[in-house]
């Protein structure tokens, strides 16, 4: 295992020449959740493809793939400094909505599929912190 | 701050219906480092765009953007189960190479730019764990 | 050069088991412009990195990188069938806004940089067709 | 429909301050096929999710998602100028391999699914032109 230290987004924000548009701790958490949600949704979609009841999980797979793409794009955009606030707001609103839609679908399968339960939990975390950044942008 | 628990890739692998191609702990670390390296390199590229000596950082910016794209793609592919081993090997080799090239360039600027020092550290972590998965695939 | 025929998005939509949410010709053009705009903005950002007046093009580079990420995500989401209309609308609105912002910035440099002129032209095309799909979704 | 002209990758390469690493026409075709293959594979995966025999198409869906991610990353990397040749070679080899694997799987379903036939055709086109660029890099 590597002996190097883990590098956090929070440290990267501190090392950036520009000040972040909102509180750095909240922004860092939002970026981290976006990338984590991308990974979690990618995994949930793939796990669903391997389940016996795949035919019941088609909506879940599509929502997970959409959510992963939106989270990836949002994570990158939030990482860059200087986007106009109106565009940042729209991006965060769409991301929160993608997470909400995906969480609602995954929650339907959470009792039978642990990967859906976990994915829904992560989508809700990402939705929450996107909304938290949105409130700070007001 | 959200009271929900953080969802880890390690838990997602455990909830997947298929067994992973290599040790689950190592695979989980590799996926996490790929997404973290995507975020770190995206941030380093953007920080470099804001630095006064931007003209000296063009190579760094391009390497960071390439590395971010390769890490994103590799993170997603590793998250899916069942890819043929030869393809996984090629993907991991290219990712390790992208990280190595980017780390070498960022290390040149590490003394003057903390974001380059952090980005190089993260690229080396990602390179290390890609190589660790490669050894397990042998 | 390959003797195989070019495969169009329009053909893929026709071969999909579900009917598209809007007119197939318009949807196909929108998907094509999203991916083309991703490529054009990626190229404009890189060309700007190689220009002598890079310091004047930082805003352009960031807008191009943001626009490329949003277009990529939007192109993929539009390609999938069955997303809820409210989410599709939000996605298209953000994409049209990213294209508009990027076009406005690139237009400032169009007289001196052919890559900015071309990129602005493509962003406006993508913005137009995103708005056209939005009108059809009403 | 927009009256603006279509912007081609070939024009973007001509407007770039650096000379491309290989013949500009071949490079432009390769970048275009990468983005087209990303779109085609994304569409084939989604069409397969809507087919009655989805359980027989799981391998196809996973290969298409992997191929789309590799093509997206390769298209962006080829669009940037100045990557070291060894890294470009590795990237193109992995992309050609992803296309070959995906084409082989899609070809198995081509008789029954037009979207698989089209996707296989596009994967082979992308594989061919990746190999063509590889030969020019020698």
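As written, the chains take the letters A, B, C and D, and residue 1 is the first residue of each chain.
One rule holds for everything that comes next: a contact is a pair of C-beta atoms (placed from the backbone, for glycine too) under 8 Å apart; a residue touches a chain by one contact, two chains touch by 3 or more.
Source: prediction; values computed, not measured.
Participant: Could you tell me which chains are in contact with chain C and with chain D alike?
Facilitator: Expected: A, B.
Participant: Which chain is most remote from chain A in terms of Cα centres?
Facilitator: Here the answer is chain D, farthest from chain A.
Participant: So which one's got more C-beta contacts, B-D or A-B?
Facilitator: More C-beta contacts join the chains of A-B.
Participant: Find the geometric centre of each of chain B and chain D from their Cα atoms only, then give the gap between the two centres in Å, rounded to an integer.
Facilitator: 22
Participant: Between chain B and chain C, what distance separates the C-alpha centroids? Give it in angstrom.
Facilitator: 27
Participant: Taking the mean of the CA coordinates per chain, how far is chain A from chain B in Å?
Facilitator: From the centre of chain A to the centre of chain B is 17 Å.
Participant: Enumerate the residues of chain D that touch no fewer than two other chains.
Facilitator: 46, 50, 62, 65, 72, 76, 80-82
Participant: In their shared complex, at which residues does chain B touch chain C?
Facilitator: 46, 49-50, 54-55, 58, 61-62, 65
Participant: So in the complex, the part of chain D that touches chain C is made up of which residues?
Facilitator: That would be residues 1-2, 4-7, 9, 11-18, 29, 31-32, 35-36, 38-40, 42-44, 46-47, 50-51, 68, 72, 75-76, 79-82, 113-115, 118-119, 121-122, 124-125, 128-129 of chain D.
Participant: Along chain A, where are the residues that touch chain C in the complex?
Facilitator: Residues in contact with chain C: 59, 62-63, 65-66, 69-70, 72-73, 76-77, 80-84, 86-87, 90-91, 93-94, 97-98, 101.
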